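Quick one: this structure, given as structure tokens, is what I'll be asking you about.
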Amino acid sequence: MQKILDEAVDYARNFLHQGQPASYIPELAKVNSQLLGAAIVTTEGKTYYSGNYKQHFTIQSISKPIALILALKDRSEQYVFSRVGMEPTGDAFNSIIKLETSESSKPLNPLINAGAIAIDSFIKGETVEDKFNRLLNFFRLLADNNQITYDVNVYKSEDSTGFKNRALANFIKDAGILNGDVEEVLELYFKQCSIKVSCKDIATIASVLASNGLNPFSKKRVCEKHYTRLVKTFMVTCGMYDASGEFAVKVGLPAKSGVAGGIMATVPEKMGIGVYSPNLDEKGNSVAGMKVLEYLSNRLDLSIF
Amino acid sequence: MQKILDEAVDYARNFLHQGQPASYIPELAKVNSQLLGAAIVTTEGKTYYSGNYKQHFTIQSISKPIALILALKDRSEQYVFSRVGMEPTGDAFNSIIKLETSESSKPLNPLINAGAIAIDSFIKGETVEDKFNRLLNFFRLLADNNQITYDVNVYKSEDSTGFKNRALANFIKDAGILNGDVEEVLELYFKQCSIKVSCKDIATIASVLASNGLNPFSKKRVCEKHYTRLVKTFMVTCGMYDASGEFAVKVGLPAKSGVAGGIMATVPEKMGIGVYSPNLDEKGNSVAGMKVLEYLSNRLDLSIF
Amino acid sequence: MQKILDEAVDYARNFLHQGQPASYIPELAKVNSQLLGAAIVTTEGKTYYSGNYKQHFTIQSISKPIALILALKDRSEQYVFSRVGMEPTGDAFNSIIKLETSESSKPLNPLINAGAIAIDSFIKGETVEDKFNRLLNFFRLLADNNQITYDVNVYKSEDSTGFKNRALANFIKDAGILNGDVEEVLELYFKQCSIKVSCKDIATIASVLASNGLNPFSKKRVCEKHYTRLVKTFMVTCGMYDASGEFAVKVGLPAKSGVAGGIMATVPEKMGIGVYSPNLDEKGNSVAGMKVLEYLSNRLDLSIF
Amino acid sequence: MQKILDEAVDYARNFLHQGQPASYIPELAKVNSQLLGAAIVTTEGKTYYSGNYKQHFTIQSISKPIALILALKDRSEQYVFSRVGMEPTGDAFNSIIKLETSESSKPLNPLINAGAIAIDSFIKGETVEDKFNRLLNFFRLLADNNQITYDVNVYKSEDSTGFKNRALANFIKDAGILNGDVEEVLELYFKQCSIKVSCKDIATIASVLASNGLNPFSKKRVCEKHYTRLVKTFMVTCGMYDASGEFAVKVGLPAKSGVAGGIMATVPEKMGIGVYSPNLDEKGNSVAGMKVLEYLSNRLDLSIF
């Protein structure tokens, strides 16, 4: 497995010159774009690493399925899905148009920005700080890593340039979807996106999803089976923005990418995979990161289809 | 003329039971919905009044063409119309969908909310207070009334419930259309909408437009001819929200309505008309107000077509 | 007046190198793109000509307001406008998107292709031939010219390449808007668009509209005042495709353009103007034709606003 | 297994009063709406039946993934997916809006009507008859049933009322996506939709997909592994119209439904399932059919996630 992972990373290195880092969050544009790392955590707790796997990066949209689980635990499926839909979308990840043409202004699913912001407004806590601490602790639990924290500079950068997310949040507030104060929900959302992780962290979370809820090292249950299955479904139908369909065809794994360059992929019953490389294609997915996953999927016949 | 105006108001009274006051701004919903007033100010300075013409109400969207003139004076046609379009739209007055499907995220025209918010960001001034004072003074000049001020309660109500306008403002900020700070521009916009006027005030402004820029009483020029013509054009093509086409067919006058129940209409070379009645139809236009204008247009053959 | 018209044409000649003929109808692309002609017919029956005013060209969309009048005569305002809307649109002239997002699939107005096709399905007649003959005779009556006929080659070209119009016609058939057989209505529509006219013909029709329904030479009434007013309104709000707003600001006249390069403009109470030049801008309007009208409007202060 | 299948059908019978048969194709509305049948064909060739499993019904949209395979064999992945996209959509199954707002007018995926019509235009053959015979023979091969034919009455009904499909076909012809003659492609498409199958037929096809291409009885390869995987992916992301996301969450199987009431579902490596019941929910999926699948998935833990 180590050999195959190294091969995958070597293969993906050929694509490091393609794409470019996300520029709309100024802080993200400062990164060394040639980084490439990968980690595998099997459901049996074996770990494999390759390339710049120690590098930390902000989790960004990879946080969305995790926040969804916490919202489901805090409220209920009925509560959440009466406010946010379950359907994939062929539109770009932060589209307003789908909000307005669909009858109810209900965000299409929890993985587009409008839906993810709504989801954050469902998380319980007395104050924003409480809510964020609950969320951060949930990430730490799933990633088996108590050191996880968030990047203040990225948070501030997102907050000061997040006009589109502010537009979306106000739009769903107007539609009666968003709970509570818009700016507080955005604070929670921007902080969540700024959580710093490594390839191993997201591979561990993905391994929990792969085993339907067990910590791969301690074998303790850290998440309900039903919720892990549910988020894996969303990861297949809408985890890779509007390249989700193509990714399903080519790789065939539940996965979620983030604009910092991370991708978290899960192989049901087998393993979690975390990859990182900052250059993104025009759909917002890590170019080299997808190549690592494509190589692994083909080489090990991992597709769920 | 007095007789005909009274007839028009009598006729319109039959429709006072239709429609209902705007409810999305809580402060507006408190009004006596049976009010109906009208005023005519001819370009020769003659005045005619009928019904509850002394009643004050907030100007709301009727302010948009006036703010547009000030923005054109402060910047230039080239500056303004490279950022905000000139085209009418069949969509509802605060639609985001048109912003997103059109290539450039350029608001379609200065009379939809997104365009009007952009226009406000073009108005010059050191501070928001400066900008608002310049705007207020311009309203006072055109209305020949130094007493005009704004309604603090309505302003606060709009500010605390204006999620859709906040969404629009952030959206055009993201698109690089809006100048300066989003919240400051919204403060200016909400205050502008909260300016209190009477039927006579808006009839006087409309008379200035009718005479291509002259104060009807002093005959002094208070506005450039070119700008008065320009805003009259927008009032025909998009002054009555998405009932503009139907209004053009039935009444045939440049007009602008506001959700507080006012309508400002102008009869080129002849007169300005101001009407007020709070009950709105589902398009957002004063039901009885439109009936007054329909009666006058038919009786006096005022259509410009 | 003759001198001013010649000046206008001379001025517009400077723009003959801009734009290009419509290419989507192959037959239209074969034209000499440097042609430029203009005609004025006053409501008193005086005529002025300049440039290639004798050139014949197909009427295309200029036919839409005329067909609308016949449909209104055959049915009623209530019938027509319960099926086709009255609102302008900022979208391109043959957009399907507006049909689908608006609740009722009702075409927004009679001057977009979907609306114009629906209008043709309202025209009475036993057979398509009957219907077309009634329509052709109505054009002859308004243009005071019994020689008017249609161009068979252009008709065939439109019919064999009109996939978008076929899409629109089937879409409104599905929505229950279109009367009768889709292919028969399209035959009528394509033949109507292929009617051959000269600048004088459309100037004469425009003069009828200017005088609210009188033949400018015989002074006989050939159209109801109400209908002439109604179509002039649509010509202002949506006569120049999605440049209608800008045209209203710059020229300020009810006008309708066609993709063959003609524009019919009307100056209420005064005159009809017909211009022709095949090169179109990206909105589908004759570049030099608009320049003639802009010159005349500014020079003679013709704007209705 | 037989017992569990009977339980599933018994459970689903409770929902037979919900929904109603498709009415937009008149011929489909004539059916006995209380029918309910199911068949399972395992990849080892074992068969289980329950309820009205002998009933024949038209295949409708269930044919789309099969036609896609033939088009891929006739052309290539590169050819097909440069013309039709791979992305799911949250819109209704025959939406035009997605065609027009996406840049290239490329249908989003091969399972929406616009995409499926395009796919049919890629199938090779000298004449429409040839093409249809090739398609029909491919269905017979995959279903292991040489008796399969099409329902002439349903075909005629679809052809005479298929205005929306005609609109879509003409729209993609205009965009340069559709190969050849519009009416011929529609003939092929309507005939394909009218192919008559039983639950066993579609269960057998689904079993071929489950085993990555082998006939379950003879074990002979009848389809390339790569293509079976590819269509299973589309079945997950967009097989159940705009309830695909919800179905993935609740059932978690690649499936394709048709408006006649059939659903074909595949359990990778294990079995194919065919269900039939004519009453549809508002999304266009068989109500009782989905209940059978939901029961089986939960009872046997079949979800791929």
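Per-chain numbering from 1; labels A, B, C and D assigned in written order.
In this text, a residue touches a chain if its C-beta (ideal position, glycine included) is under 8 Å from a C-beta of that chain, and two chains touch if they have at least 3 such contacts.
Here the structure is a predicted model, which means the values were calculated and not measured.
Colleague: How would you label the chain A and chain D contact, same or different, if same means the shared numbers make up over half of all numbers there?
Modeller: same
Colleague: Whole-Å distance, chain A centre to chain D centre, using C-alpha means?
Modeller: 32
Colleague: How many angstrom lie between the centres of chain A and chain C, each centre taken as the mean Cα position?
Modeller: Averaging C-alpha atoms per chain gives centres 54 Å apart.
Colleague: Suppose each chain is reduced to the average of its Cα coordinates; what separation in Å results between chain C and chain D?
Modeller: 46
Colleague: Which residues does chain A have that touch at least 2 chains other than itself?
Modeller: Counting only residues that touch two or more other chains, chain A contributes 97, 101.
Colleague: Chain contact topology under the given definition, line, ring, star, complete or other?
Modeller: ring
Colleague: Go through the chains and record each pair that touches.
Modeller: Touching chain pairs, listed by label, come out as A-B, A-D, B-C, C-D.
Colleague: Under the touch definition given earlier, write down the residues of chain B that touch chain A in their complex.
Modeller: Residues 95-97, 99-101, 163-164, 166-171, 173-174, 182.
Colleague: Can you check the complex and tell me which residues of chain D touch chain A?
Modeller: 85-90, 97-98, 101-102, 108-109, 229-230, 232-234, 236-238, 242-246, 248-249, 252, 254, 268, 303-305
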